[in-house]
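This is the structure I have questions about; it appears just below.
Labels A, B, C and D are assigned to the chains in the order they are written; within every chain, residues are numbered from 1.
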Amino acid sequence: MALTFEHWNPETALRFKKFVPRKGIDGFLNIRIEDVEPGKLSASFEVTDDMITMIGNMHGGCLSAFCDHVLGVVLYPVMPEGSWAATTEFKINLLKPVSGGKCIAAAEVISMSKTTAVVRIDVTNQDRLVAAAQGTCLIMAPKP
Amino acid sequence: MALTFEHWNPETALRFKKFVPRKGIDGFLNIRIEDVEPGKLSASFEVTDDMITMIGNMHGGCLSAFCDHVLGVVLYPVMPEGSWAATTEFKINLLKPVSGGKCIAAAEVISMSKTTAVVRIDVTNQDRLVAAAQGTCLIMAPKP
Amino acid sequence: MALTFEHWNPETALRFKKFVPRKGIDGFLNIRIEDVEPGKLSASFEVTDDMITMIGNMHGGCLSAFCDHVLGVVLYPVMPEGSWAATTEFKINLLKPVSGGKCIAAAEVISMSKTTAVVRIDVTNQDRLVAAAQGTCLIMAPKP
Amino acid sequence: MALTFEHWNPETALRFKKFVPRKGIDGFLNIRIEDVEPGKLSASFEVTDDMITMIGNMHGGCLSAFCDHVLGVVLYPVMPEGSWAATTEFKINLLKPVSGGKCIAAAEVISMSKTTAVVRIDVTNQDRLVAAAQGTCLIMAPKP
């Protein structure tokens, strides 16, 4: 059931892999894009003390924001140049507590039209599946 | 269909209303708890330049993390002292772009047992509904 | 935060209220539309023995199919004549077991554009909230 | 990230594969269990005229009810004898219209504890992915 994509922009993929966020919520989490292929992407961040709550676990909002971010990013290399993607909805199951180490998201586009795409994400931490997400992005064509 | 709650701790509610986050993702967003009543809570944060992406809108992950946070917080004043709540799953629809001003969440517990609760959240910004969320928290009893 | 709607077709609303399904999954459930106003709708079905599983409760799929149905139906009276609506995604929390009586859905459109709408649904049974759903419909304009 | 399961009951799996539903929503859909292995299951139903709406496509509620059903069924062979599973929440994306042929669900348990499990489902029809679901079941231990 592998999808084929009309567009594939390796320069966008390469730019993402080199990108170091300096601000924003992706900067707060310090998200790095690790691998990109058509319709698939892996990204990661290191859990820092600043993300740990009083209970001793990472705030779930870090994984929610991480998935929200990755949901859109996976689409850029397979959209026509100049398009943009916005997450319109997603659902996440937070499966296990996280208290340190690295969180790695594997995102996969499972359905895509000219205007919309559905993406699934698995997040692992220390070899455990810690979150699973599924959501929709709206694709906006480049302005003529 | 208003719920009644076995527990209500006004000191917890008051402590939340006075709380100023200094770190963590709630610190990044600078979330403030505004009003608390049994099973209901309003919270807010001011959109800062740091939350705006290249496209000119606030990163959706800010609203995801905000809802994830509020989903748990609304439960503390209605749980037995010493319990804790963890979001296990939620779904969010991001309805409109946000580019500034204040985001206000109104959370309501719509179902609650000793071990689990379901919460709905509306987020408004400049008098528009910008996000709607629904999710489940696990309630952990205090250790004996 | 009440929405206003550009279109309102009371004839469609009246036709829905008189409709008796003879086939399909709405016929299996025997869903009736009770009240319709702009952006809001209530619908119901009676739980029959045929819907009860070996465990003695109604099959959850009855509520899922009921919500999926109502999600689209609530939009027809507020869409331009000749449009159609299709549920593209939804999330449901099944809150309490149902074993008999009447299930009543209260649906409300919480966001609507020309091409998409987000709807929330509460399902009650014997004065208890038994399910809560939230989802998106795609609106297809009438063919010219 | 393959899960291992403490329990595996091949007799339950075999009974499911032989089961022909005569009533209920699984009877309406005429769902058949095709393959069962620990934590995985495939099930199917044939689209009948009775499931097609006025628009000419299958009612989305058929896929919602199908996923709701399969979500629980996949757990029985990996739960202790006498336990039961109830779907407490799920989310579904309806990806493409269905107008005939066979709908095949592939379900996989992605997380499981003694009291809860998270399951993902892909539904295909005529070699296209037509729905993707993710949800949670509550596991109730057998009564002593």
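We adopt the following convention: a contact is a pair of C-beta atoms (placed from the backbone, for glycine too) under 8 Å apart; a residue touches a chain by one contact, two chains touch by 3 or more.
Predicted, not measured: the structure shown is a model, and the values here were computed from it.
Shared numbers divided by all numbers used gives the overlap of an interface; between subunit C and subunit D this overlap exceeds half, so the copies present the same residues. Chain centres here are C-alpha means, and the one lying farthest from subunit D is B.
Inter-chain spacing, taken between the CA centroids of subunit A and subunit D, is 28 Å.
In whole angstrom, the spacing between the mean C-alpha positions of subunit A and subunit B is 23. For the pair subunit A and subunit C, the distance between mean C-alpha positions equals 33 Å. Shared interface positions of subunit C, defined as residues touching 2 or more other chains, are 88-89, 91, 93, 136.
The residues of subunit D lying in touch with subunit C in their complex are 23-28, 50-53, 55, 57, 59-62, 64-69, 72, 84, 86-94, 97.
Only residues 88-89, 91, 136 of subunit D touch subunit B when the two sit together in their complex. Put simply, subunit C touches subunit B in their complex at residues 1, 91, 93, 95-96, 110-111, 118, 120, 122, 124, 127-129, 132, 134, 136.
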